[in-house]
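What follows is a pair of complexes built around subunit A, which joins subunit B in one and subunit C in the other.
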Partner chain A sequence: MGNHLTVGMGEIQVVRGAGHVLTALGLGSCIGVCLYDPLTRVAGMVHVVLPKSQTDKTGELPGKFADTAIPAIVQRMVEMGASASRLKAAISGGAQLFQFGVSNTLDVGARNAEAVVAALRAAGIPLQAKDVGGNAGRTLRMVSDNGLVAVRTIGGAERELVVLGNILSASGVAA
Partner chain B sequence: MIAQPQYVFSEEQFDALREIANIGMGKASSALADLVGTTILIDVPQALCVPIGELSAVLHDPEQVTAGIYLQVTGDVSGHATFVFEVQSAHRLAATLLGVPEVPLDEVTASALMEVGNIMLSAYLTAISDFTGLQLLPSPPVMAVDMGGAILNAVIANMQHLDDFAVTIATDIYDPNQLISGTFVFLPEWGGIQKILQAIGMG
Partner chain C sequence: MNTTDTPEKLQQLVQTIRDLPALPEVVVRVMRMADDPRSDAQSIARVIATDQAMTARVLKLANSAFYGLPRRVSTLSEAVVILGFRTIKNLAIAASTFELLNREIAGYWLQRGELWRHSLACAIGAQLIAQRVRLPVTEEAFVAGLLHDIGKVAINLFVREQYEQIMERALQDRIPFVEAEQAVLGFNHAMAGALIAEKWNLPPSLVAVIQYHHQPSHTPGAEGIVFAVHLADILSITLGIGIGGDGLYYTLEEGTLERFGLQQTDIDEVCERIVDQMAKAASLNEQPEVVLQ
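Showing the complex of A and B:
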């Protein structure tokens, strides 16, 4: 049976087979990373909050940080039967929400996007589509049937970013 | 795998945090009432320790478009204070303040709204300061207009120590005609909560 799963901050959700929808609501400076294995239809999403893991902290959610999130989600997907070499990725988020009154606040969103792209490259996963940056929060959705990834911003209709299951070539977009 | 919270707070300690929020909100709501000339009501504050992934549930609808005013708190207590209100409320509030029937959300309006948020958030923090004897210093405010959940997530990303759990103290604020409604969210850093509790003999 299919179901709808929400991916909260720092969370990783992995599903297998058709009929599942994964959603990350309200991505601000955070990045939603979608990974998909077209053959086994194992789909995973992680909601990354910050670029780098903090060594002096006690939490154990690897999904919070780009450098720990990608290895952790790949492992979860492989455990569910995916092949790491078949995974394809799409990412969205990394906005700078606070437009008014901002002086020299560090742009966490841009640093998150860079860190996620670097972590995907390190894992050898081709990045097929990205929709990052800007000033708008996003809601990201992935359908497990075919790896369809869609993004919605406020005041806009949802639009398709990519269908990860349709991609035959292994080349990624320029990162 | 989520680790257990770093600290566990008792129900009495949460009650104390709610009471502190109540004191702060009393000042914040009367500051707003003075500005707009109507009665402003507050709900019973919530104080919760929740996984960061579920934090945006303190908002009624995380996908609703809101205006969010955010400032960082430093001093004896570090934390993050945000006032999130429905975008229609933002328009009405700005129009009331500027004495015109309708306004667009531009730089001028944004700066007026930021000032309102600043006054309210500062009143809230000063009340907590006075009650606890601790220093809570507000940074200059910043503002975004976006999904409430996205705004809260952007705030959480600024936490110095991003644990798997966070303590959030949230209070709804509204006027009897439902023209203005919003939510105050105070996210103290772990050390800040302990300092507040110690200061009032609940540590």
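Showing the complex of A and C:
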């Protein structure tokens, strides 16, 4: 396979055409968001860390926060030739600590998932598949040829989540 | 419970720890000197200079983007003056444990470099928390954070052999992974880490942080630093920095946030800063020539 790109915490990677693989390693409470335009084969991935900024350092790494990440990645993909109206999304991550029921202070995973889903909805991008929650770390992979999205649980096997390029309708999963 | 073969395993663990490399003598001396008010920059520089490899590593770390010095530091005494004794001590410990922490830890499904990243994130987080809640031990918090999981290196092979049983036990009994290690193996990575720290003659306070980093309230004296490292560890795990098969199968001990009076926004901000500093520290992760003696 041609070009392998790792998407680190808060990073956005966008590629165009066949032959690229985007990977986010070690997703805990973070969310890996995959966006794909089947027509132009523009594929993007962002590794969202938190729902929103507490220190308000705007612009530094917009991919770090759900509220700034989605508009930023969509803009990058449109600049690469994608059409915002054709984009389809899949998300993974948002794990939580084990046995954590008392307080939700550390419930970053669930808050992240909620914020990402809301940001996608605000951008009008249908969410086609999601694999969020649980207690395991994950590695997320997307192939630019067809928008195949696969998730591997650390210590487990990889499984296919969705092929975003195969989805023709604009309907999303219930978020 | 595998109680019948536990003593034998424990013997094997003790042997494994005995076979681990010693902490270089220079580091032990520097640690002692950094805590001695009579030491000065020149004498510490002289001790480090007796070890050429260590000198090179410390200078390289001092000049990395992480410390953001405005100009290149080319001598040890300059580095000690600009960064301070305590930071130099941290650099010496980081340099000497890098090779060990940078190993692949297959038992935990950690690729090469992942445990180092996790350790560094915990070190950075522990220091940030210590500063924020005004603990008088911010530099010690960094070192303790860096070494908290050193026991994983020693119990790696035992965990690899019985990973499935440990995970099954954690899920079945709804207990954190570290407790499942204890139930299946008869020991856990925190306890093994404390044995390593003792072998290295590290100060008792550091041994205690390593031993109790998953249950800080059990620490004799319940020192704040143990809670800071515990919280930093849990935040680094939550952020997914260097997590393995044990994933997020851990808990934050009740009362930790209350002890420090931290709210959700404080926690988010600490997380944000850990991520920022880890990006800056990326240069610290690539030092193939840093080796343990």
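We take it that the second predicted complex is superposed on the first by the 160 of 175 C-alpha atoms of A that agree within 3 Å, B and C clash if a C-alpha of one lies under 4 Å from a C-alpha of the other, contacts with A are read in each partner's own complex, and residues count from 1 in each chain.
What we mean here is this: a contact is a pair of C-beta atoms (placed from the backbone, for glycine too) under 8 Å apart; a residue touches a chain by one contact, two chains touch by 3 or more.
Note that the structure is predicted; figures quoted are calculated from it, not measured.
Shared-chain residue A:Gly28: touches subunit B and subunit C both. 8-10, 26-30, 49-50, 54, 61, 64, 95, 97-100, 102-103, 105, 108-109, 135-137, 154-155 are the residues of subunit A that lie in the contact sets of both subunit B and subunit C, per the superposition on chain A.
The part of subunit A that touches subunit C in the complex is made up of residues 8-10, 26-30, 49-51, 53-55, 61, 64, 93, 95-100, 102-103, 105-106, 108-109, 135-137, 153-155.
Contact residues on subunit C toward subunit A in their complex (touch as defined above): 109, 114, 163, 167, 170, 174-177, 234-235, 237-245, 247-252, 254, 257, 262-265, 267-269, 271-273, 275, 278-279. Taken in their complex, subunit B has these residues touching subunit A: 1-3, 6, 51-56, 62-63, 65, 68, 70, 107, 110-111, 114, 140-154, 156-158, 161-165.
Contact residues of subunit A toward subunit B in the complex are 7-11, 25-30, 47, 49-50, 54, 56-61, 64, 95, 97-103, 105, 108-109, 135-139, 154-155.
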